[in-house]
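Two complexes come next, and they have one chain in common, chain A, joined by chain B in the first and chain C in the second.
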Partner chain A sequence: MGLLSKKDAKLITDPLADNNPITIQVLGICSALAITAELKASLVMGIAVLFVLGIGNVVISLMRNIIPSKIRIIVQLIVVASLVIIVDQVLKAYAYELSKTLSVFVGLIITNCIIMGRFEAFALGNGPWKAFLDGIGNALGYAVILLVVGFFRELLGSGTLFGIPVLGDPIEKTGLYSIGYENNGFMLMPPMALIIVGLIIWVQRSRNTSLIEH
Partner chain B sequence: MSTNTDTNKYTILFAIGMVVIVGSLLAFTASSLKPNIQENERMEKQQNILYAMGINENGATDIKFIGTDKVAGEFSKYISKQLIINIDGSSEENLEAYLIDVKKEQAKAKNGGTRLLPLFVGEKEGESFYIVPIRGKGLWDAIWGYVSLDENMVVQGAFFDHAAETPGLGANIKQRYFMDDFVGEQLLTASGDFKGITVAKGNNDPKNLTKDDYEVDALAGATITGDGVSAMIKSDLKLYLPYFKNLKTQLN
Partner chain C sequence: MIEHIELFFKSIFIDNMVFAVFLGMCSYLAVSKKVATAVGLGAAVIFVLAITVPLNWLLDQYLLQPGALVWLGPEFAEYDLSFLSFIMFIATIATMVQLVEIVVEKFSPSLYNSLGIFLPLIAVNCAILGGSLFMQSREIETLGLAVNYGISSGIGWFLAILAIASIREKIRYSNVPAPLRGLGITFIVTGLMGIGFLSFGGMLTGGDEEVKEAPKEVVVETIEIEKEEVSNQTQIVN
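And then the complex of A and B:
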């Protein structure tokens, strides 16, 4: 017997592919465009969302029977905003360097519609354990796409991965650059993230035609 | 037993309860962590000032400040004077000049008040460094930095930071390759007028070998942040010109 029942495991694996929050539900596009110009930022954002969505989903799930339905969206927003702000303050006090790295992402996490979407669609109707798994699954699904987009944007746009030059030095003209290769500055622009996400959607749907809506 | 959560009364009570709980939680966190956060910010300022004059633990391409455990000692060792500059170029010493909030001073100047201009004099290996804080606007939020100059207003080191520039684009002003480009650039024309340094897209000098063109190479995809850097260098460093003119007459 595994750690998770089959049904529970599906909560994690589904959002990774056939029910991916970005490519299938088309949520969280805003932050996917904003911070995927380099792989490191994608990774940081992925981990941050993993924390917030995992914990936030549990909190909302525990509160699901007492939240008045008329103001549930506001309540969700307050929960996620306070969570993020408290974490940010604690980091500022005890891990200042880390908080400097994350500061840019705070606003993007609060307004990430994947988080609100999972609160609304899942946590309000399910128990804490399931909600936790769903949060982790969706955050991983989000992170996977971010990393793929970040990989291509940083590689083709700057010729680096995690800031390490992998194609040679564009100024000294070594490696690939010595045979006339140039970085594509367009890859650093947000619209290219949208085009890459589009390509991922295309690949995914041509491999699994049942995903195509009619 | 279950309460009806759809009544107006319940909704209003819930909202009030939530606001009180969340509000006090946030207030409690903020006030209990405030001393730690302020201490971190104070040390960061010292680290940044020291960084600009070349006191850091940098490797080949990374940025590493003096450790927080020894920053206070190094700061008092290397920074020989902390000054507040007046508009006419005269100055007075103030041991807490580094705590002056440049943002507040800029706001004062905007409202017609007098702005306090902090300047730090560092001594390293017999050379003097004049370190000036600058602050301006990037694309999304504030950007700021410290520039260390020699008595001719030639840049000896620069440190930039930002509140919320786009990672991978504008946020790269905090990268070594951008900051190091400023070293050796001049701010004054041959006749002694203030010219500033422009973050320029088309200066055709990616390695920044030409040091007398008043330009450094811009970052791809970060035009507005780059313009912000040019603007804060021009507007803030210019205010120190009288001090440097006085300094030169004194030295000669």
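And then the complex of A and C:
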């Protein structure tokens, strides 16, 4: 990449694979599991976290030298809460159906440990540009996992992707359904998301054996 | 009374914070390596939920809901401060957790030491904020129900973390494939527990419906008099 130095580019690519916030750092699990029954919801949640984490990281980084250590959690919470209120109001205004699907999980972005985790681990100790890249990188890593889980859950659970039927029509019995394929409704239930993430972790750690716990 | 019992069991088993709505997963996964710390954290979560959900209910009822400010004066009836919910809830939670921390440090230093960093971390535990947000979105009606909801959600979370901690302690001696060791197998086991908890889904569906009354039969009475009048009139016309 011409714009970014090698170290800066690493800030974005690391969380996509080796330092993934969900599967490696074990942050942000709650929303990753709850709303991934639909690919559209996963995408919107990924974009929301991108917005909050990117801007939040920059704001905290700009303030890092003037926040007294004793109240830093409160300051962080206020910054995140304000950004999430903006996201929530925008969603309610422009995508009301989706905001109903996401329900409380938009609000729960506030306590999404990725955001607080990156504030503490990175934004408080680095400059705004690096903090922005780190925020973008981690949010993208989070979004990737959300999209993968959402992809499998929606495809296998309701035969659609983004609401568009791709395997045929289950009622008219066209496409794949004509040979007897049935939607696995179980995929839409919460426990399957946990199992899919477990499988993703399995794949990730098999490919990169340094991540295995002992 | 029946709605209290219903809410209690519903929040523990059917809408379990961990298995049905995935709240508090980060600390659930991080603290569940030993049963002793898991029990301590679970108890702290129950306590914090039991205090913050009713407090936030009061805040929602008298400050945040559309039309809630009516007690100040009738001209305030149109104010809708619900967009401030997030900030107000998280502020209450952070304050209460700070208070709990001070109280625990004073009265039980050993518990304070064993909980360590996790007590302040409860403030950002999504289970706590989630409890308040679900209380708001499900429109819990009374303060008593709010207390009930807080305690029972906490108990549900406590059950979950107790179960996974016990299983993880035992699994250390099992033959788990290397890439799955630790985090991976915890996810899968939690998923299996979630499937188990789905079986509670049929528990409370019997009591909600009102007794259906037998449909009243509509009796059609033929009025004989009219026919005579009609026939009289036709005779006159003729």
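FYI, the second predicted complex is superposed on the first by the 193 of 214 C-alpha atoms of A that agree within 3 Å, B and C clash if a C-alpha of one lies under 4 Å from a C-alpha of the other, contacts with A are read in each partner's own complex, and residues count from 1 in each chain.
One rule holds for everything that comes next: contacts are C-beta pairs under 8 Å (C-beta built on N, C-alpha and C of every residue); 3 or more make two chains touch, one makes a residue touch a chain.
Keep in mind that this is a model prediction, so the values were computed, not measured.
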Partner chain in contact with A:Ala34 - chain B first, chain C second, else both or neither: both
Touching partner for A:Met192 - first (chain B), second (chain C), both, neither: second
Which of chain B and chain C A:Lys7 touches, first, second, both or neither: neither
Chain B versus chain C as contact partner of A:Glu154, first or second or both or neither: first
Which superposed partner A:Ile212 touches (first chain B, second chain C, both, neither): second
First, second, both or neither for A:Gly107, with chain B first and chain C second: both
When both partners are placed on the shared chain, which of chain B and chain C touches more of chain A: C
Interface residues of chain A shared between complexes with chain B and chain C: 34, 74, 78, 82, 85, 89, 103-104, 107, 189
Complex contact set, residues of chain A against chain C: 23, 26-31, 33-34, 73-74, 77-78, 81-82, 84-85, 88-89, 103-104, 107-108, 110-113, 116, 189-195, 197-199, 201-206, 209, 212-214
Chain B-touching residues of chain A, taken from the complex the two chains share: 34-38, 40-41, 65-71, 74-75, 78, 82, 85-86, 89-90, 92-94, 96, 103-104, 107, 153-154, 157-158, 171, 183, 185, 188-189
List of chain C residues in touch with chain A within their complex: 19-26, 29-30, 83-87, 90-91, 94, 120, 123-126, 128-130, 133-134, 137, 177-188, 190-195, 198
Touching residues on chain B, where the partner in the complex is chain A: 2-3, 5-6, 10-11, 14-15, 18, 22, 25-26, 29-30, 33, 36-37, 40, 44, 163-169, 171, 206-207, 220-221
